[in-house]
């Protein structure tokens, strides 16, 4: 989801040079939220925003020890040693961990690259910030992860100045709304400025997959 | 939420010099409730009000020991040492605590500053009161956290005198109501006096974040 | 709530000298119920009424020992030593108890004063009765906490005699009803006698706060 | 409730000398049921009725020992030693028991007096019967707690003879019905004979209070 | 209930000498079912009927030992030693058992008398059968507890012969139906023969009371 | 239920000599199902039918030991030693077992007699088969418990030949349907052949009673 | 159910020589599913079908040891040693197992015979395959349990060729549908080719009975 | 399901040479999802796609040890040693595992062949990749499991170029929709290009069967 939003924002900007994206962060704009926000022209945090948590994580629960205690055992017949990936009823297989660590690392590198390009920072600078930690608004500003700090009214004022004309406000309630808004924008080419309140409402799935997640 | 209300009240006052905000506290006006009330022109507590609890808190439950007892274990593959922030299934990592203590301290300093400015008190005076303790109405008055003590009828009488004319009473039932009321006030510039029954109905979220919370 | 009712009754009496308030107690009129009833002109108990329980109480459950047994632990990052007031997962902090004992004592003194004034008794007499104990109707009469004992029909008869004319009976079903009734009475100035069946329906809240409570 | 019914029946009889109340007991007419029945002109038990259980009881569960075992503890800040009356999480306080024993004893004496007057028996005779025991119909008759034994048809026949005319039968389904029936009877003065199937449907409340209860 | 049905059947028979009651038992016609059937003119069992269980029983569960184990204790303040009858949280009091044994014995004697009279047997004969045991149809016939054995069609044929005319069949589905049927019969005096399929659907109540119960 | 069906089938056959009953068994036609089928003119099993289980059984669960472990005890006040028949909270009383074994044996003898007469076999032959065992279709045929084996279409063909004319098929869905069908047949005398798919849908009751039950 | 379907298919084929049955298996066509499919003219498996599991099984859970541990005991009064067949509360009786093993073996022999006849294989060949194992489509083809392998479109093409004309497709959703379809086919004699997607939706019953079941 | 989709896609391509199938993968397109996608003309992964997990798996839980601990035992009467396949209440039988390993291996070989043919890769190359591991988009591209990487807008652009005309977009929400879409396509022959968002929504069944599953 975060990657799709990110791509939609990039295309929105690319479709017309006098369009731009202005992000005003909520109290929590971490991980996938920051991923989607990174390509904006300008990012304003609230004074109370927590942001950062740049990184990728996969996690699951292993119950092999519990199963042993209560007398459950797994009967698995599989065609290959890794088909049974992270079977929760068996002790953790280090090969399985290595197989999953690889896409985690690749997605992490992509995330770092996106932030570096979006924020116009050296990759090594981003990598040093991207150990998963969270930042207050003040520390995010110091580290150039955001451009300024302010309330919604400040964001509106700055947007009017930048858009140099009449700003239309769209109401949208969830991740699907913002996406269809951005997609319709791609087609009708009518809005000259938007405020994206990006909410990292990442879908929950039972299979382990890479997430840009704030614990 | 508290910070947004606080900002809206500040802008309301700033928009017209003969407007002011009069806060009449309920039985419990602590932490975020006091945060929002601080910029009011005048604060009246009830005789039975508890207020204070000035400070910031984050908390979560760690179940690493329980998981060990019953035989659950966490399998996490993360791109950085802090991505897995305060993972409840692992022993508490002191780096994680340090990362979160920083924004807690910054938000605390902001809270103290807001109270000092709103109540026109020296920062050091506020800091001495702001260790999280609660105050009775009488002690809050002694410490200048409120201006006076009275019932709703007293508040109404004093408001009529101050507003020097007809006071309009608006009914609003929750935090969203008061916010839209204040925002509409910014636009229509018609009300000359309001009573804010601020209720610190802070949104509950599962991720640890800074709160101005009365336990 | 009890303090608001108490204040409304005081204002009702003050608004017109030939108005008065007659309280007929139910089977249980303790603590906050008695608090609200105290300023009435006359109080009649039923022969089977339990009243009293004059005092203030705050209570919560501490589960630190339980948490230790099952392997849960609290992770709290707070800006001050008292922000984490009576955290149920940590051993009880004696400073926290002292902070809360202070408003309990102040509210208790207010309660004693209200009873002394309402019942026209010396403060020391009230203080001796106000250790939280409950009284039967007979003992309450002996101690002057009520004026007389009787059934609803007796109350009606006595009220007719005092009001010296036509008594209007209002039906009201809960604490909000009686309050709006008393408030409307303040405005329309039409009722000459009321029977208040005060029910101490105190709102339940999860935060510890002072209550006038019969266990 | 039992005391209110008792009072309503007394007033019904007092309102007109050629009215009377005839009670026909069900299979169980104990405690509060007998309390309300006592002032009737005549009481008929069924051959299978259990009656008696004259007395007053309060009871609650103390869980102090259980709480200690599982690691819960009570944190109570109260203004007086008896405000925390019979706190279930603390060992039973003998002062608390003494405070409650007093109204139990007073209500018991009132109950004994009501039976003595209603049944025209010496107080000492009633006191000897009123240790809480239950009586069969036969033993209740021997002890003059009832006047006769019979089925509903016998009750109807005897009532017709006493009322000396047309008996109207009212259907009512619960305690509220019988009460409103008796109250309307007080006002319209039209019924000359009633059969009260008194059901001791005592309201359940969580606070300990005196009850006339058959276990 | 059983005693009421029994009385209604007696009155039905007494109201007109050429009326009689014919009972056709179901698969289980024990205890209260037999109590109600006893006054019939004629009783036919099915070949597969179980009957008997003549006697009276009261029972409850005592949890004093369980409460001790888990740390619950009872706090009871009662006006007399027997008010707290068979308190399940306290060890069984032998006085309480003696108090209840008395009505059990009296109701038992009444039951035995009803069977002796209804079946025209010596009281001592009935007493020997009435130790609570159940009887097959054959043994019930041998012991004269029933008059004959047959199926419903046999019952119908015998009834036609006895009623000497047209038999009306009434459908009724539960204990209330049969009772109102018998009561209407008392008033309208129109039915000349009935088949009572008596079902001992005794009401379940939480208070211990005497029952004519087949376990 | 089984005995009633059995009786209805007997009467159906007796009502007209050119009527007969043809039973086509389902996959399970045991115990009470066989009891009802026994008087048929002809019984056809399916190739996959299980039948037999001829006998009578009563069973209940005794929890005396469990009650002792957890600290529950029974308080029973009964008028005779057998009123408390097979009380699950007390150790099994051998007298109680003997009382119940008697009707079990009598019902068993009746069952054996019904099979012997219905299938025209010596009683001793039936008794040897009637130890409760189940039989496959083939073994049931060998032992003359059924007359032939076939599918529903075979049954229909054979019935047409026997009934020598037009066979009316009635749809019926449960035990009540078949019973009312047979009863109406008794009255209207119109059907010349029926197929009874007897389902031993025996009513479940909590009191121990004799059953013809396949475990 | 499986045996009924099997019989209906046999009769369908027998009713008209230019009719035939073409089975196209789903992903799982085992045990009872194969039983019903065996008499088809032609059987096509999918490439991913599992089939086989030829055999008969009865199973239940015995809880005698559990009952002993928690203190439950069975009280059974039965007329014969085998009436209490496989009582789950008592240790397994080897006679009971022997009684049930006999019909299991007989039904197994019938199953083997049906497959041998339907697939035109020697009985001994079938018996060797019929130890309950499952087969992939390929192994089933090698062992002649199916005739060919293909997808639904292949089945349709082959059917059109065989039926030599217009094939009508009937939609049916469960076991009852297919049965009524086959039965109506017997009567109206109109369909010349059908595809049977046999689903072994065997009814679940609590009594142990022979099943053709894939675990 | 996956095999059916795979077959439908093959037939769709075969039905008209200027038709082709373009797959755009979602975040997770593993196992059965990849199986169905393999025959497409062209496969585009998202930058964040996880794919692979090529292989077959069957699994169930064995509770023999748990059953032994709590005192449950299995009573199974079966016609052959393998009828009771992987009975969860008995220790795992190695013959049973061998029986199931065979179709797992055969289905695996089929899966490998499908991938080799669909992607035009040597079988041995596929076999080396098909040990069940997952691949990131980048690694899948390196290993030729996909043809390119891009977002939905890229897929649309490429499709327009390939289809050389107007592309109709169909909305479909689940596996049934896509199947009926493909089937209707087979019949009406009107669409020239489709995008298949294949979701491996494999049906959950309680019987062990081969699955192409990503854990």
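The letters A, B, C, D, E, F, G and H name the chains in turn, as written, and every chain counts its residues from 1.
By our rule, a contact is a pair of C-beta atoms (placed from the backbone, for glycine too) under 8 Å apart; a residue touches a chain by one contact, two chains touch by 3 or more.
Note that the coordinates shown come from a computational prediction; the quantities given were computed from them, not determined experimentally.
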| item | value |
| --- | --- |
| Graph separation of subunit B and subunit G (steps between touching chains) | 3 |
| Chain whose mean Cα position lies farthest from subunit D | H |
| Per Cα centroids, the chain farthest from subunit B | F |
| Distance between the centres, which are taken as Cα means, of subunit H and subunit C, whole angstrom | 69 |
| Intercentroid distance (Cα basis), subunit G paired with subunit E, Å | 53 |
| Chain centre separation in whole Å, for subunit H relative to subunit D (CA means) | 75 |
| Residues of subunit F engaged with two or more neighbouring chains | 86, 100, 107 |
| Touch-based graph of the chains, sorted into line, ring, star, complete or other | ring |
| Residues of subunit B that touch subunit C when the two form their complex | 27-28, 46-48, 50, 53, 55-69, 86, 92, 97, 100-101, 104-105, 107-108, 111, 130-136, 138-139, 151-153, 213-215 |
| Contact set on subunit G toward subunit F in their complex | 3-4, 7, 11, 70-87, 89, 99-100, 102-103, 106-107, 110, 205, 207-210 |
